[in-house]
Amino acid sequence: MIFASDNWAGAHPSIAAGLSANAGGFSTAYGDGGLDQAVYQRFNEIFEREVAVFFVATGTAANSLSLTAYNKPGGLSFCHRESHIVEDECGAPEYFSGGSRLSAVDGALGKIDPNNLEKAVGRFAPEIVHWGRPMAVSITQSTEVGTLYSLDEIARISAIAKHNKLPLHMDGARFANALVALETTPAEMTWKRGVDILSFGGTKNGCWCAEAIVLFDLDRAKELAFLRKRAAQLFSKSRFIAAQFDAYFRDDLWLDTARHANAMAARLAAALEDSPSARLAWLPQANEVFAVMKKAEAERLQAAGAAFYDWHKPHGFDGHIGEDEALYRFVTSFATTDEDVAKFEALTGA
Amino acid sequence: MIFASDNWAGAHPSIAAGLSANAGGFSTAYGDGGLDQAVYQRFNEIFEREVAVFFVATGTAANSLSLTAYNKPGGLSFCHRESHIVEDECGAPEYFSGGSRLSAVDGALGKIDPNNLEKAVGRFAPEIVHWGRPMAVSITQSTEVGTLYSLDEIARISAIAKHNKLPLHMDGARFANALVALETTPAEMTWKRGVDILSFGGTKNGCWCAEAIVLFDLDRAKELAFLRKRAAQLFSKSRFIAAQFDAYFRDDLWLDTARHANAMAARLAAALEDSPSARLAWLPQANEVFAVMKKAEAERLQAAGAAFYDWHKPHGFDGHIGEDEALYRFVTSFATTDEDVAKFEALTGA
Amino acid sequence: MIFASDNWAGAHPSIAAGLSANAGGFSTAYGDGGLDQAVYQRFNEIFEREVAVFFVATGTAANSLSLTAYNKPGGLSFCHRESHIVEDECGAPEYFSGGSRLSAVDGALGKIDPNNLEKAVGRFAPEIVHWGRPMAVSITQSTEVGTLYSLDEIARISAIAKHNKLPLHMDGARFANALVALETTPAEMTWKRGVDILSFGGTKNGCWCAEAIVLFDLDRAKELAFLRKRAAQLFSKSRFIAAQFDAYFRDDLWLDTARHANAMAARLAAALEDSPSARLAWLPQANEVFAVMKKAEAERLQAAGAAFYDWHKPHGFDGHIGEDEALYRFVTSFATTDEDVAKFEALTGA
Amino acid sequence: MIFASDNWAGAHPSIAAGLSANAGGFSTAYGDGGLDQAVYQRFNEIFEREVAVFFVATGTAANSLSLTAYNKPGGLSFCHRESHIVEDECGAPEYFSGGSRLSAVDGALGKIDPNNLEKAVGRFAPEIVHWGRPMAVSITQSTEVGTLYSLDEIARISAIAKHNKLPLHMDGARFANALVALETTPAEMTWKRGVDILSFGGTKNGCWCAEAIVLFDLDRAKELAFLRKRAAQLFSKSRFIAAQFDAYFRDDLWLDTARHANAMAARLAAALEDSPSARLAWLPQANEVFAVMKKAEAERLQAAGAAFYDWHKPHGFDGHIGEDEALYRFVTSFATTDEDVAKFEALTGA
């Protein structure tokens, strides 16, 4: 019953098989091989237009290079106060860009409040060098707390970015989970709503290590190639990433694994909601469930083999947490089994 | 007959099998899982002492972070003029360190000449801020042109570094090829000769993507953990690197693959030496062979299916190259087959 | 009637005379000349201990290098949300340090609230690389809104910093104004209260361009020398800074000019408080006065020749500002004349 | 008899007087005041076209920001091996640009050999990310060893730069000395020969601290404003730089001081050439004289009060230096007096 994080799983059997199937023979290195090219083409199809694809090693690299692709002296990137780039990347976005700043914007449950964004960006005057200047907006889909921007909400954020001539970045570490939850297409959730550059994550959804920057703003592709290499993120045997994505996209495996993770999360949510010792903190929309639970109950569940973490209260959550209670996070993935969820349901008495 | 580079191969079957075998189940992320820990322990054994091991995505990352671990304002790292960090990393070492400088030192056939090193380091006076100051020495073993530092030569470079209070870094992208060629041990070739930090490469020798920084100077381990994370080089599912190294070290696979690559190189060298249209440019010591060949002959071989590149003349090579000739590089790897080499031998008429 | 900023003035006649007096003859460059040495000695006397002094070109340089002297990968410097380093330096502190982060702490009227600081620093766990880690605390004395930390308040902030093993930086762009207002000594206001490094500003208080980093933590002096040079902040004819400080300190000129500025501010404050169309927003403690005033009245004063700016509401100011009112800032300096203040008094009808 | 460096002098009396004359009154800060504007206009006149002028604190800042204005990931700036940016700026150009590289080009006596430049730039192929890519060419006028590029030679370097789509930077720390030696105009020596950005130095030629970036490529002016501020090089009381340049340009003071320095150098050169114990190492063209001299003679002169330094042999100097001899540098400036030179002449017996 591992609900600690979706990166505690290994790789989906099909991904492992894809690696084995492609291990033999020789291929041009550094992203130029046949399988690399085929996978780039697959990205074009999936996004219904030409995109530039850059494999990188980690989600942190994808986010940091995406923002750095729009780097400016004195630049500020606006993002949610509790976003991954702010809280969990050890300052990589600032480091990669040689010191650009992340400007935290508040909003309930992991989502930037557009009014706050408007105000935050609007404070700057282009001619005043002292203040620095806006350089990008970044949103996370799905968010760190398992919520989603609707397509309209993305469009709203995007309109503010465009109005201020700023590019829009999407951190899609859990892109697939959001996609299937919204029942939409990759194109609709990104460039058709004004997203310029996307961190496309495969690792949490069944791969070993498959992260890509998907760039819609093709004019920047040449620069990004140098940025990636300089950041030591250009794999020599890039085929091993291509092979993972090849298997990931084949027969819509990636959508299936995301749907499975979301469904498992929904079952966990129901179990927690039904439990006399817990209640949902807010409605889960993807593959992360947050519940307020009695500490004693959490300890009991953990003692029985369920792995999950307590969590800090996000901005915009004003539910009551009693003295003997805490907030807990449960994450599901492609690897979460029906058996484990059933066991958890039994444990919680749901 | 692919002799283009040792990174054109995929992964050794045992490496692929290792990944498959470890794909299931759950494990702590970010380098703290059971398999990670076991592999760290394996490194301790291999190096006959406690070392700190940091998996990273690329050799460029290993080199750049290794030097950055010893970063100083105004710092200069002394390395061979034709080293990989100078010629093939798009400025990553400078970028990672926020602008430290690589100071090129000459020496024949890819190896730093110790007298030149002494002079280059000796020019600096510690109190003169204008000049900057030495911060590290870096050598490559085996070198970019397939040559080796003997243990004594490493000791000599190391003595100069130590005399100047500088750490010694070794770029071991082809560590195993050097190791088996010298018939020595990892300990003898590194820390026992004064190496402080090592880029330990597995990728060229049979892995998909398995690079590690091996740090002997344990006091720096805590900082390096932050440096790596900030550089977006901390894998979440680090188990996939551990699984590769696990298979790599098992039953000395890594030494076998390196020996195989070196043996194939020796056969290529013999074939080229025996050919009436070619001659060895210098004696190959690991898995890279350089030959002067008639251009027409090279084209004939390439037309017949042999892949290899022409190469620029390295410092210290003063052999004659005729008008109708050029210098060519041939690289072998674990994946080079007897069949392919035999086919090449037949082609060259050796 | 220029109350726009204390950097709108030129130089005090004694400073100008000091430059003229020292223009002739020859002197060792780059901070090693006789006058430089004499001024360093003067700093020792003023601070009642040995200090290391580094002249730099701007307050931004002093602040940015001070924090960079304590730079760490993943480092965060805690400072007030409305501090100069956050709002007015175009990201220089982040840039100088290669991407360290400024972590904004709230507090009323320009001063860090120690409880907030404790919470902000306390969130970090040293072993978790993802989060980054605290590297410094920075306070401004006097603050951006003309308030002061009492000696006890400095000690309280310092205790939190020390408890967390963090250095304490003081931005003293208006150091002298604070010093005379508190009627204390440089030693008491800095190292005796735990300040480790100080941006010592002379420019706003009568110099043309005289800023210095005063380092109490002497072990870092050697590194800071390289940091300064690398940041292009080492003047060749450093004598021109020394000459300014020489005149600045002579016969306590600097204390006199600061007292004058503060006294002028007090008179402005009284005039504004007595005006039927204005009221003090909060009590001025140094040389900056903030008042809520009817916009029509502000325009009338400006039309009559008074230069001053409207200002954004700082955190912790909860006074009422009517529809037809705004917040305005008035800054005085050594160059503010009795005549101008009298004229302003007459205008406001005070 | 101070011939140690042209930065050992203080300021010309007219510069000091200019500062005093402008010390009073109030003026907009940060480069926007009336005197600033007047001086910018003066630069336009001097260069016979519109230019963008950025005052900075040091020559190192001017050089580093000039190259950073053309920064690229993986970028290399080509410059002479013994140029100031390589040898005397503690890595500032690399630091300011976040790790771009200086690529040293050889050439005799301080001047880039155009054939070497062509070869060095020509090695790069734009599509190969591993190698990085050219970003700028930088020349020094007059050079570190007192030689000059003729106008034709500048044009030749410029043509190579333009052919490779690279901007041309000129380090003009001793711009005026070169200008009067070539008897040409600022326009002819810069943008009419293809210079895109210039470090215009006033400090060595009579100012206290007056350095400016003169940008001919006006499209980059907006970015450079942010670059300068972020680098902590924007003075608040910028009037103090403007006042120096105002006096510097008035009645062609700057040309007079440069002519004086050059004339004094010519007299020193003649004295050394006539001395039985010394000979000129090469012909001085501006305000620096290099001579081979018996060490005993040098010691005798120094004991008699002449200050000058021994110097390392530059590339391209193949004159004989005996066992008992060394190479020495003598630098003159606006402050070098006829009396001192006459005294030196008497000492050398010329």
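Labels for the chains are A, B, C and D, by order of writing; each one numbers its residues from 1.
One rule holds in what follows: a contact is a pair of C-beta atoms (placed from the backbone, for glycine too) under 8 Å apart; a residue touches a chain by one contact, two chains touch by 3 or more.
Computed from a predicted structure; not experimentally measured.
Asker: Could you let me know which interface, B-D or A-D, is made of more C-beta pairs in contact?
Answerer: B-D
Asker: Measuring centre to centre with C-alpha atoms, which chain is farthest from chain A?
Answerer: The chain lying farthest from chain A is D.
Asker: Chain C to chain D: how many Å between their CA centres?
Answerer: Distance between chain centres: 34 Å.
Asker: Quick one: report the Å distance separating chain A from chain D, using the average Cα coordinate of each chain.
Answerer: Averaging C-alpha atoms per chain gives centres 51 Å apart.
Asker: So how far apart, in whole Å, are chain B and chain D when each is placed at the average of its C-alpha atoms?
Answerer: The answer is 42 Å.
Asker: Residues touching two or more other chains, restricted to chain B: which are they?
Answerer: 30, 73-74, 89-91, 95-96, 98-99, 129-130, 132, 226, 229-230, 234, in rising order.
Asker: Name, in rising order, each residue of chain C that touches chain A in their complex.
Answerer: Where chain C meets chain A, its residues are 73-76, 87-91, 94-102, 129-132.
Asker: If you look only at chain A, which of its residues touch chain D in the complex?
Answerer: On the chain A side, the touching residues are 30, 72-74, 98-99, 129-130, 132-133, 223, 225-230, 234.
Asker: In the complex of these two chains, what residues of chain C are touching chain D?
Answerer: 2, 4-5, 7-13, 15-17, 19-20, 22-30, 56-61, 64, 89-92, 95-96, 98, 203-204, 208-209, 226, 229-237, 239-240, 307, 335
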